[in-house]
Amino acid sequence: MIRVLVWNEYKHEQESEKIAAVYPEGIHGAIAEFLGKEEDITVRTATLYDENCGITKELLDETDVLIWWSHIAQHLVPDEIAYMIRDAVLEGMGIIFLHSAHHSKPFRYLMGTSCNLTWRESDDSEVLWVIDPAHPITRGIDRYFTLPAEETYGEPFVIPNPDKVLLIANYSSGEVFRSGVLYERGNGKVFYFQPGHESYPTFRVPEVQTIIKNAVRFVAPTYRQVITCPKVRKITDDGPYLN
Amino acid sequence: MIRVLVWNEYKHEQESEKIAAVYPEGIHGAIAEFLGKEEDITVRTATLYDENCGITKELLDETDVLIWWSHIAQHLVPDEIAYMIRDAVLEGMGIIFLHSAHHSKPFRYLMGTSCNLTWRESDDSEVLWVIDPAHPITRGIDRYFTLPAEETYGEPFVIPNPDKVLLIANYSSGEVFRSGVLYERGNGKVFYFQPGHESYPTFRVPEVQTIIKNAVRFVAPTYRQVITCPKVRKITDDGPYLN
Amino acid sequence: MIRVLVWNEYKHEQESEKIAAVYPEGIHGAIAEFLGKEEDITVRTATLYDENCGITKELLDETDVLIWWSHIAQHLVPDEIAYMIRDAVLEGMGIIFLHSAHHSKPFRYLMGTSCNLTWRESDDSEVLWVIDPAHPITRGIDRYFTLPAEETYGEPFVIPNPDKVLLIANYSSGEVFRSGVLYERGNGKVFYFQPGHESYPTFRVPEVQTIIKNAVRFVAPTYRQVITCPKVRKITDDGPYLN
Amino acid sequence: MIRVLVWNEYKHEQESEKIAAVYPEGIHGAIAEFLGKEEDITVRTATLYDENCGITKELLDETDVLIWWSHIAQHLVPDEIAYMIRDAVLEGMGIIFLHSAHHSKPFRYLMGTSCNLTWRESDDSEVLWVIDPAHPITRGIDRYFTLPAEETYGEPFVIPNPDKVLLIANYSSGEVFRSGVLYERGNGKVFYFQPGHESYPTFRVPEVQTIIKNAVRFVAPTYRQVITCPKVRKITDDGPYLN
């Protein structure tokens, strides 16, 4: 079983009736619902409103994949929590950042860059194109799929050169965006996926759900271990190399 | 001085009045014209109709950057010529492939893949977005520029993961394409640039000219040497390492 | 079941008594033996001495992973066979190149470079270090392992920048070498692994066997499909995108 | 002129007579001395003992390349300084991290990983091999060069997959290490170079000086600009895209 923790800021849904109408159960609830139907996945959720953001070292140790959605309260996540998450990824925990989590502390701290981009809320439609059809994350997706309306994100997206670009988006007003990018950091895998603005029912779109389910399985660790900075013996000396 | 050789298939311009009207001097002539105005660049041209495609080992030895446009006669370039070009790149010669040269033998032999893509001639407009504004090749280009009409190229583009994606295109019918990609192969630099269909005056667009001029300067070699496969001495033995 | 085809040049073993003493069953036989013990793997073998090198389109269609060892007769493999193998990889077939297969046609045609390196036969010992301990191919290997004697390979190794460097070797005479490197080409995965000189019993070393077994499972395709270069419809037109 | 700022922790030299004997003018002094002889470079220095670590936003604005050496007092550099440096790199400032600066805050914050490695002080000799002979940073270096004694650094080195590996080291006790690695982060270039332990006169070795001088020229910016996260207009609307 892949143990997923879905983390949601959960502020829009509680503060705006319009957003609450789109996601009455919260974005975390919507994601947990479709993931929870998978036989090989178990889901827990946490939000900014939980004590300590609902994140503890023990919980991360029991989490294979963390899914993170955040937007207007990125700064309210304490640095210690962000670093704890980064370190869990370096150990091997998989992580998926959705939409405006491009500016979350855990994503920025893992990337080392500003993760800035251009943006606009103008009900553009978005066509997402599969760049790598053989990749497990795009399995089951045709050459492209369309979202009738999404927030527009544009380049330059200030991220390190991705290990792999899986999806590129075309917006109806002319922008493009690297909408699905993959990284390895330490022993862990990181997937950033652009769709999921709070005002649209994007997380109910079958292809979006397919990609998130595929990504959960792909970034789930098969190996998890802290890599320290040990003083070592010579390999020709007796005894273990690590001391 | 950077010594540029512009190679053009030169078939469309001679066989179609419509194309000849767009490029009366040939595509090579149009490119040579704007490059020839640069103080640090000297230009020669060659075409499929020249003896041996106008390519000799001696000429490549005297060429810093080869620019290549080809389309319907890719198969008429002999393998020996394509390999000679590939080997010059491995030595350090820079090379720029334009538009339909994605299917040229030299490009495919350097990439090792099919370089297949999807395509359509439907007068789509194309918006090219700068992904890396700090790169010398995109210097002088704003966040984006627009071509009123181009042939549409779409993903998946079967190329190795680029060392760097500099430009991504958005077409008005919804496609996206990695329109400017950069590779190093051996000691040489390779730039592929998507615009330049024969039926549009794309090579007269200032931004297209700027990018090609920038690319010439960027891929021009500062080092050129064959790297062989020598049997070597131990570094602790007397005498030179290479023997 | 993962269907493996082990291809061996099989020239040294037949022409040299010394080599035959190391691998009486041929290098292909030695590899097939330890792979054949795995429950999820079936093995076939082929050599240069088989008709058409023992390679047909039908056989490649039924092969998930091709393992390739070659050395002094690289040129005797016809180009058509090499291209057939390259195209099967682009479709999705996994491929593992061993030792002197760095100069094989299929490897060079997939890389697009000379794949030159420096070398010496001087009974150096080789220490192979794991660069990426979380990768499935290095699973089960400690921080390093030692081969008492191997042919020395040295840098520069003229290959494209690898998607991933998994192992780096230290030789007792001072050389280093990127001994385990990974690429994706089209839909297929390519692993090059340096050990395996014909005059040493390297393929009987447990860690070498572990890495080859791991690599077979890692490069085996989960998706296999030719990606062509189709003319496509507009996504807004009726009917299928591909026509 | 390339404006270089050499930053040194300067603790060992002041606290240990043995180290002071190696670098009486401080490591920063030794580096500033050979850089200062270059006609196209001007040098300033700063240390941990200067007010605010000798780093201000104004100084970084006037710095093209920052060279950083640090070791036992990494934690004494305030986070605000480290972030200020990271942000200057994202703008375009070049940065070179030497030796134990692999664990400095600016390096770790730019990489997003722990940058852990294995290590040992055992007077191993180190052979550094050029992996990319065509790169401007390795220009003037033969196939390899030797340091008679250095601190041993070993893999795994927990860094993101480098954009380019320029040098790999072989240590006499058997370790290997990616000793020269290159990254782009935002508009800036980052070079990490392994040699330079405080107890050896490594910075007086001609090849080490050559590589640092080459690296200064290579990472010096040709473009410097903050990339923000602006709300943008539609490209089809009147007025500027950025508002």
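First chain written, first letter: the chains are A, B, C and D, and each begins at residue 1.
Assume contacts are C-beta pairs under 8 Å (C-beta built on N, C-alpha and C of every residue); 3 or more make two chains touch, one makes a residue touch a chain.
Bear in mind that the values here come from a model prediction, so they are computed numbers and not experimental data.
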(message) What are the mutual neighbours of subunit C and subunit D in this structure?
(response) A, B
(request) Could you tell me which pair, A-C or B-C, is linked by more C-beta pairs in contact? (result) B-C
(request) Using mean C-alpha positions as chain centres, tell me how far subunit A is from subunit C in Å, no decimals. (result) 34
(request) Quick one: report the Å distance separating subunit B from subunit C, using the average Cα coordinate of each chain. (result) 31
(message) At least two partner chains per residue is the criterion; list those residues in subunit D.
(response) 118, 127, 133, 143-144, 154, 156, 161, 163, 174-175, 184, 186, 227, 235, 242
(message) Help me check something: in the complex, which residues belonging to subunit A touch subunit B?
(response) 118, 127, 129-133, 143-144, 154-157, 161, 164-165, 168-171, 174-176, 178
(request) Spell out the part of subunit D that touches subunit B in their complex, as residue ranges. (result) 92, 127, 133-134, 136, 139, 142-144, 146, 163, 184, 186-188, 221-223, 225, 227, 235, 241-242
(message) So in the complex, the part of subunit B that touches subunit C is made up of which residues?
(response) 86-87, 90, 103, 109-114, 116-120, 122, 154, 156, 158, 160-161, 163, 173-175, 183-186, 227-236, 242
